[in-house]
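In the two complexes below, chain A is the common chain; its partner is chain B in one and chain C in the other.
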Partner chain A sequence: MEVLVCVKRVPAAGARVPLTGDGRDIDTRHLGFTIGPHEECAVEEAVRLVAAHGGRVTVLAVGPAECAEQVRYALAMGADRGVLVDAGRSDPDPEATAGAITQAVRTLTGGEEPFDLLLFGDCSADAGHHQVGIRVATGLGLPIVSGVKALEVAGDGLRMRREAGDGVEVYRVPLPAAAAVREGLNLPRYPSLPGRLRARKAELRTVAVEPEPGGLRTVRLRQPADDRAAVVVLGHGAAAAPAVVDVLDELGVV
Partner chain B sequence: MLLTVVEDREPTPEVCALARSLDPVVEAVAYGADPGPRELARWGVTAVHRIRHELLDAYAPEGYGEALAQLVARLRPSGVLAAATEHGTEILAHAAARAGLPLATDCVSVTGGDPWRLVRSRGGGMLLEEAELAAPVKLVTVAPAAAVPAAGPPHAVGECAVAEFVPELEPRHVRARVVERAARTEGTGLATASVVVSGGRGVGSAEGYAVLEELAGLLGGAVGCSRVATGNGWRPHRDQVGLTGTRIAPEVYLACGISGATQHWVGCMDARTIIAVNTDPDAAMVARADYAVIGDLHEVLPAMVAEIRARRSVHSGPVVSEERG
Partner chain C sequence: MDAEDFAAIESAVREFVRKEVVPREAEIDERDEIPADLREKAAGLGLFGWALPAEYGGLGLTMAEDVRLAIQLGYTTPAFRSLFGTNNGIAGQAIVGYGSQAQRERWLPALASGEAVASFALTEAEAGSDPSGLTSKAVPESGGYVLTGTKRFITNAPIADVFVVFARTDPASTGREGISALLVPAGLPGVTVGPHDPKMGQAGAWTAEVFLDEVRVPADALIGAEGDGFRIAMASLARGRLHIAAVCVGMAERALAEAVEHARTTRQGGRVIGDFQLVQALLAESHAELYAGRSMVLRAAEEYDAGTDRRLGPSSAKLFCTEMLGRVADRAVQVHGGMGYMRGVAVERIYRDARLFRIYEGTSEIQKLVIARTLLHPR
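And now, the complex of A and B:
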């Protein structure tokens, strides 16, 4: 089974998301970078599928050369090939991102085995547009299920489960197909030391594309107003227990 | 004319109100089931387009999106609005992909004109993004927290015309479709509990949650956890509170040994009262909480359990066995 996983390089935000002075972007000078939780599960699932059914896992990221760090992390988790997609712009809108991935997939599969399965995170951890996977699948003519929390090979297709509203939906989809998966699908592994060494030396392929810009343009980012009152410290250690229980009592939950 | 997508019989009030602030004429799209025209008329919707096709008997994201794209091509509305739900977002994303249109998701405010100026909620509300949407037909999903503009009294109650729309679909449009549907069994306890006792890195192990279980049991609540606990395999993912876990709004949220990363905070910030227990007085969770105890949860929580038991035995005599576990 040939599996492609798309990951995005995103700032690893801590307790606050700092912004640049002009509000145009997240200030990443003091932040590390990571791949989103949903995408980490997508990589893990791909590695498990290939371990069980044979084939290869290819990992792809759209963006600057620094994205190699996230692609190599996925390789360290067990992916086989890494691809960097140079779209010539820093933070493309969702239509341009989808266009870049669609073009890159066509380049990668020209004269080679097509992918049986494309995996995406349900949404990116920073912008969260909820649409890139669907746009790529549509562009490539593949069926796609979003929000997937369980996935298994069934016959010559896939059986996928997800939550929607107050219910659970089960889908059966023929291959080739695509899925946008959600955290909870599996418990992603930490990369092993041999995996990290292999990933560090791996050669990454770069594909240059020129996607058309879309119609959604970010103007600026801002922090929402925080109108919570200052914290009341009830005390230190076990001695504070009566004060906490007093508060719980006032709130009517004891 | 502006279209709104109706998922169930009841229209989404925020979506209808926002639609009427953007266009004087609002019509609705409904799939299959009776769209409830009287309810829609109350929200100022003057016509409902009922999409019917035998291939859409079961929910099929691609088919639903293709049908909407065809209806949009026929009606040429100024925009299409849907609630930012699982299905609403998915249907609009498929329609957008098929019609070659941009889509702005999770919007909390939209101002008309050309382009539309809008504010998107990012990361569950940790950041707001101001953006411009330029397209012949503007597709938007509306976040539950959207600021609804006062739209004035609805049109005279009564007339909402019902029109049938039969899209041209082929089996290839419904390759992904629902084959089984079941009630959700996982995670509902956490989502609906009025008290949640939650633990993070500070708990230190799977066994460490015993005291959280005990306290939650005494308070009739549920146990939650942070992403660190799930990642370490201490708790199942269904217990995870946060952006990528469950977002909750209990009466009381007790955050024990949780530093308060944004990913966790957006999952619990709607709690009425937040109490943090943390060894670090500078932890973000302590700063953002209503109340805090500075200390080790493994000392504070057993003392709380003892205190609650002691008070109850004073009030109701020595028999407290029904309160265990």
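And now, the complex of A and C:
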């Protein structure tokens, strides 16, 4: 099975995300980078599928040259080939990213076996638009299931499961197909030390694509106000009762 | 391995230790167990075999690299390192150094991946510091040996899949002669492992007695040649000495880091205790000794790799670093005051955990004997 996994380089922020002065971006000067938890599960699933059914895992990232770090992480987890897609822009929006991936897939599969399965994270860990996988699948004319929490080979297709309200939805999908998976699908492995060494030396292929315009503009990012619990003294003794009633009323409990 | 590759490995181990193990130290200490998921992650990372040759799935590290990783591992509970310490160290190295091709192929890949655990069974009730007094027997019998004896304090015995057992194949022999090393799968009839010993510290690292009652092993269980056992045991332990010294450096770094943090943030009489010069002295003395220990380990490892010294350096480093850790841990408790005596506080655990290093893999007294003998009778 030929599997392509698309991963995004995202800042590894702690509890509080620092913003740039103009409030349009995350200030990444003092942050490390990583791949999101959904995508980590996508890589793990791909490596397991290939271990069980044969084939190869290709990992692809769109973005600056530094994305090599994330692609190599996926290689250390067991992926076979790494691809960097240079779209010539620092932060393409989901439409532009999807356009770049679609072009790259066409380049990669020109003359080669097409991918049987394209895996995406359900949404990126930073922007969280939930768009890229669906746009790429649409562009390539592939069926896609998003929000996938379980995936297995069934006959010559795949069976995928996702949570839906109180129940679950089960899909049977013929290959080739795409899936956007969620954290919890599996427990991603810790890349082994020998795997990391192999990944450091691996050749990454760079695919240039024509930048496509996207339609989204970030206007402003804002930090949520600190949500600290505070103690307010409503009064003393019986005198406090009316104020307490007001608060309960406001909370809708009386 | 080039320097950049090794730096990547070192930082991966450092990150693993600090992110995955440090937060669970109290749990490990309290439950006297390494959680299964942590064992699995450590195996996935490759920690069960990092000191084994690359062709068997290990990393094939030099001694200089080995000690740098050991310093990283020393930063957290030594029970974690102990889990894979026998695979990489005493037991694994005996197979690497002296095992046949078939023995290496049978066991090393499984040890490196963490599927199997190997234990080193040398010590007996009256053969600890001087293992040449061991009395376990491996009586040659048609096509193999019949093993009988009792080993004690055997690290990882309760989880071992295979033992490297030292026993006399020449029943008439005494002293260093006539001892052989044998590979004994834990599942063989006649092999019984006792309950794990309750210990002062290093909770989560298990030792137990191993009873061998007429255990039949085939002739190809022999590691090296008959009568090579004592030499094999000593060679495996020599490499381990530098490793243990490095673990102590890592642990002393941790103890000092905890002490500095405490001194910087805890107040008495309105001032942080780090303002008091007597507290400062505790920190400064520890730093100076730690610095000496680290320098010594790194230097001794280089000489080990170059082959210029594999006795004086390792024994001196083990002697100094294990004793140094004892003093650094003691001062770290002192800096913490009453807090340092309370369960759940890292330095309290470190103080208990540290004590073992002066005892096993050659007591401090034995290191002194090795050093003095080498000085008096250079070869």
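Here, the second predicted complex is superposed on the first by the 226 of 254 C-alpha atoms of A that agree within 3 Å, B and C clash if a C-alpha of one lies under 4 Å from a C-alpha of the other, contacts with A are read in each partner's own complex, and residues count from 1 in each chain.
Definition applied: contacts are C-beta pairs under 8 Å (C-beta built on N, C-alpha and C of every residue); 3 or more make two chains touch, one makes a residue touch a chain.
The structure displayed is predicted, hence computed values, not measured ones.
Enquirer: Does chain B (first) or chain C (second) touch A:Ser146, or do both, or does neither?
Expert: Only chain B; A:Ser146 stays clear of chain C.
Enquirer: More residues of chain A are touched by which chain, chain B or chain C?
Expert: Touching more residues of chain A than the other partner does is B.
Enquirer: By the touch definition at the top of the document, which applies to A:Leu221: first (chain B), second (chain C), both, or neither?
Expert: first
Enquirer: Contact-wise, after the overlay, does A:His130 reach chain B, chain C, both or neither (first, second, both, neither)?
Expert: first
Enquirer: Should A:Arg29 be classified as contacting the first partner (chain B), the second (chain C), both, or neither?
Expert: A:Arg29 sits against neither chain B nor chain C.
Enquirer: With both complexes superposed on chain A, which partner does A:Arg189 reach: first (chain B), second (chain C), both or neither?
Expert: In the superposition, A:Arg189 touches chain C alone.
Enquirer: Looking at A:Arg200 after the superposition, I want to know if it touches chain B, chain C, both of them or none. Which is it: first, second, both, neither?
Expert: second
Enquirer: Give every residue of chain A touching chain C within the complex, in rising order.
Expert: Within the complex, chain A touches chain C at residues 189-197, 200.
Enquirer: Taking the complex as given, what residues does chain C use to touch chain A?
Expert: Where chain C meets chain A, its residues are 1, 4-5, 8-9, 12-13, 16, 41, 44-47, 50, 54, 57, 59.
Enquirer: In the complex, go through chain B and note every residue touching chain A.
Expert: My answer: residues 59, 61-62, 65, 85-87, 89-90, 93-94, 96-98, 101-106, 115, 117, 122-123, 125-135, 141, 175-185, 194-195, 219-221, 227, 230-231, 233, 237-238, 240, 244-245, 251-252, 259-263, 265, 272-273, 275-276, 281, 283-284, 286-296, 299-300, 302-304, 306-308, 311.
Enquirer: Which of the residues in chain A come into contact with chain B in the complex?
Expert: 13-17, 19, 26, 37-38, 93-95, 98, 125-131, 134-135, 137-139, 143-147, 162-174, 177, 182-184, 187-188, 214-224, 226, 228-229, 231-245, 247-249, 251-254
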